[in-house]
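Two complexes follow with chain A in common, the first pairing it with chain B and the second with chain C.
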Partner chain A sequence: MLDLDLFLNYQDSIIKGILMTLRMSAGGIAGAMVLGLLLFILSRAGGFWTALLYRGYVTLFRGTPLLVQLFVVFYGGPHIGLEWSAERVGLVGLALYGAAYFAEIFRSGFEAVPKGQIESARDLGLSRSQIFRVVLWPQIMARSLAPMVGQSVILVKESSVLSIITVAELTNVAMTIANQTYSMMEPYLVLALVYWAIAISIARLGAVFESRLTHYQAG
Partner chain B sequence: MSHSHAIELNQVHKYYGEHHVLRGIDLNVEPGEVVSIIGGSGSGKSTLLRCINFLEEYSSGEILVKGQVIGYGSKPAGESYRLPEKVIRESLRDVCMVFQQFNLWPHMTVIDNVASPLRLVKGVSRPLAREKAMGQLERVGMAHKADAYPGQLSGGQQQRVAIARALTMEPSIMLFDEPTSALDPELVGEVLGVIRDLAQAGMTMVIVTHEMGFAARVSDRVVFLAEGLIEEQGAPEQLFQAPKSLRLQQFLASWNERQSGSSLPAGIAVAQEVEA
Partner chain C sequence: MFDFTAVVPYLPQLFRGLLSTIGVSFSSIALGLVLGWLICLGRVRSGFWISKICAVYVSFFRGTPLLVQLILVFYALPSVGISFPPVVAAVVALTLNTSAFQAEILRAGFRMLPEGQSEAARDLGMSPLQILLFIQIPQVLRSMLPALTNETLDIIKNSALVSAVAVHELMRTAQTLASTTYRPLEFFVVAGLLYLLVTLLTARAGRWLESRMRMV
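And now, the complex of A and B:
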């Protein structure tokens, strides 16, 4: 049987863990989106070195595990004078890691816009920034929203990796409870339920935005 | 400079890498003149048009619009350099292009497609831009679809909206890049009708087209391009009824063959068809 008293005993740390998971995820996702957008703009700036920098960044952060990236900064950082708290390493790590994926999402959204639309805008005299803002960005957003929702859910789940570098988020709390009480079922069941609830909430939120952004495609 | 040409091309060359697409084009278009450019695929006709509004950079020679060189400036020492995009677009304000694929912006309604360039480029207020846009939509018979999205329109309707969008910028020169090639046959007529009205209103136009009958009817002059050079040009009746060069004769013959049933002169036969 499930031991419900366990939840009451550890109520405070569970709630703190949930809040920490939400904080890490939300901060990580927001940071990843902003940084991903900047990376995408960098990739569009043209020029050999920016293209190389972009490719290098994306392959590096998508080609190595998040856990390894966190280890490098958390345990390697102090050797170069970077003494960040576990939370800060976690937030920055999630943002850097997610940015590589978001940048690629924006880029493929851009690639999907027929280039003739840019030509007609140029011909009519729109400036580069107007073309981006008025012609491209709304379409990039419309095409990117579904994959952005998916990536956000992945980042929430990946935030569980932060438990390994001692961030007291939900997975870390659950492991602690399991270690202290030898109950495996209850803490991990709660853990799964909370991640699932967050994932569903993000998907619902995304669906609302998506119907607003893509109404023109309805035909 | 004293020339009054609307468009002037002097020895224009264009390379794509090794590929020599335009091999020295000399062409003048006078104000109010309608010039059609015909030729087989790969003859360079679309490239020529796209060089005029600088969607393609020409490699050498010069292109002038109303006496002003497009795309390049020259340093005191004589060598030329590419002007900033902003300056180029400024010098092309009088030129608008209509594309084969319409190139409307699918996330904006028809009225926003037509009104927003005026607002963004010329700083016209929103209400005035909409008013002018509605005027041009009426002119092409699309005012009733002002609130529709491009994806809800037929190809012919989209092309008419694209023409209205260009007209709203009040150009004195319009370039048409195969404006009916992407349309189903039954939709071609409505677009050609709009272009014909523009010709009658005195708009300077350069039209790249495969519609020989239409070219014969609306053009003051037809230019036949082959392998990046002007092979032959002249008044439509002369060009279609008495083609001089072998290449043009072959081109018209093979075009005529595809329009099975009609006989030479091909252009004139279809012209009557369009009229009916």
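And now, the complex of A and C:
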């Protein structure tokens, strides 16, 4: 029924596809976390314009489909002199998109910290950066960890969308195999199983991290 | 350089695409809510095996990309003799996907219900079905409304992926127009703005519903 031999002929491109998926996801997640943190700090900087910029960014990137964002840069970019490779558009696209979500995760982690703590830390003579590093950051991280793991899984899954802008990641490879061999079931079924395995692994890994970090969490 | 006036003659076409996006998304959300309830009840109210099967269903549909699920419904199922017209296939895939997410949302809502409530209702002589319909479901829906609104927003955005398989919704229409007019930037930006419009309005509607349903 299922013809699994056909995978042997495509070993190389499958391995390349998996590596590309991992590269795009890992790069996208890392970029999104860093950028999301910067956005969060920007939103805490105070002032009308920074708040507006933050709101605008988050609304725009969370309110439109990733596919549209990718298409604007990939197909629209060359018309304004931005000729990026599909991989670069994919990596930057995932990072920009994910950053909006990570920034909101950090923000809600921050808002869960009781404000009295900041006041007492200030009264104890801690400087602004000390308050952030010693008092706020560990608590924000403890609260953000579970949603960050969830968001990372989402980004790995979203990286499959990059196949549409011709990045040769796993989904793209599966489509190629299906089109060349006319077998539609096996490549796509295995494709789904690989993503499923990645998603479950990340969730497990996150659970381990979480159990180590939660002693920071106030009850 | 930018010439958004080029988009104007095609606005009616884009709006038709938008309507199709709205139709596909909201019918999937509604069907997904029904299926999601069944799966949620399967997880919290059934025996070992049904509960396990529902857990695997939820794990699979939450753990694999929607694009892959769409591809499975569009290309893999027909190869074993199950095929649908494109729009139906799109709704089927989106419904399967969102039902898993909605089942988890509803399950979280169930866990927040105090145990004593259903005991009290039973002592008052209500049947298990009555307790479910009149006491538990309304509370779960109300407390989980923000999460359900977010899920609706996700489905509206994710429905753009349907364009990759065949349905002429907003994204597909924008793609066709972008390539026939050589103005990808304008058409994709306008498509993005239309999605933004729908997601913002839906978020607004969700908040309005929340304020209407708030407990006094």
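Note that in this section the second predicted complex is superposed on the first by the 215 of 219 C-alpha atoms of A that agree within 3 Å, B and C clash if a C-alpha of one lies under 4 Å from a C-alpha of the other, contacts with A are read in each partner's own complex, and residues count from 1 in each chain.
Simple rule for what comes next: contacts are C-beta pairs under 8 Å (C-beta built on N, C-alpha and C of every residue); 3 or more make two chains touch, one makes a residue touch a chain.
Just so it is clear, the model here is predicted, and its values are computed rather than measured.
With both structures placed on the common chain, the touch criterion links A:L191 to chain C but leaves chain B unconnected. When the two complexes are overlaid on their common chain A, residue A:S120 makes contact with chain B while staying clear of chain C. More chain A residues lie in contact with C than with the other chain of the pair chain B and chain C.
Of the two partner chains, chain C is the only one that A:A178 touches; chain B does not reach it.
Touch criterion met: A:E158 reaches chain C, while chain B stays clear of it. Contact with neither chain B nor chain C is seen for A:F106 once the two complexes are overlaid on the shared chain. Touch criterion not met for A:F40: it reaches neither chain B nor chain C.
By the touch criterion stated above, A:Y97 is placed in contact with neither chain B nor chain C. Comparing which residues of chain A touch chain B with which touch chain C, the overlap is empty. Residue ranges on chain B touching chain A, taken from their complex, read 53, 55, 85-86, 89-90, 92-93, 95-97, 99, 101, 103-108, 116-117, 120-121, 149, 151-152, 162, 165-166, 169. In the complex of the two chains, the chain A residues touching chain B come out as 114, 116-117, 119-128, 130, 134-135, 138-139, 142, 216-217, 219.
Chain C meets chain A in the complex at residues 1, 59-60, 62-69, 71-72, 75-76, 78-80, 153, 157-161, 163-164, 171, 174-175, 178, 183-186, 188-189, 191-192, 195-196, 199-200. Per the touch definition, chain A reaches chain C in the complex via residues 59-60, 63-69, 71-72, 75-77, 79-80, 153, 157-161, 163-164, 171, 174-175, 178, 183-185, 188-189, 191-192, 195-196, 199-200.
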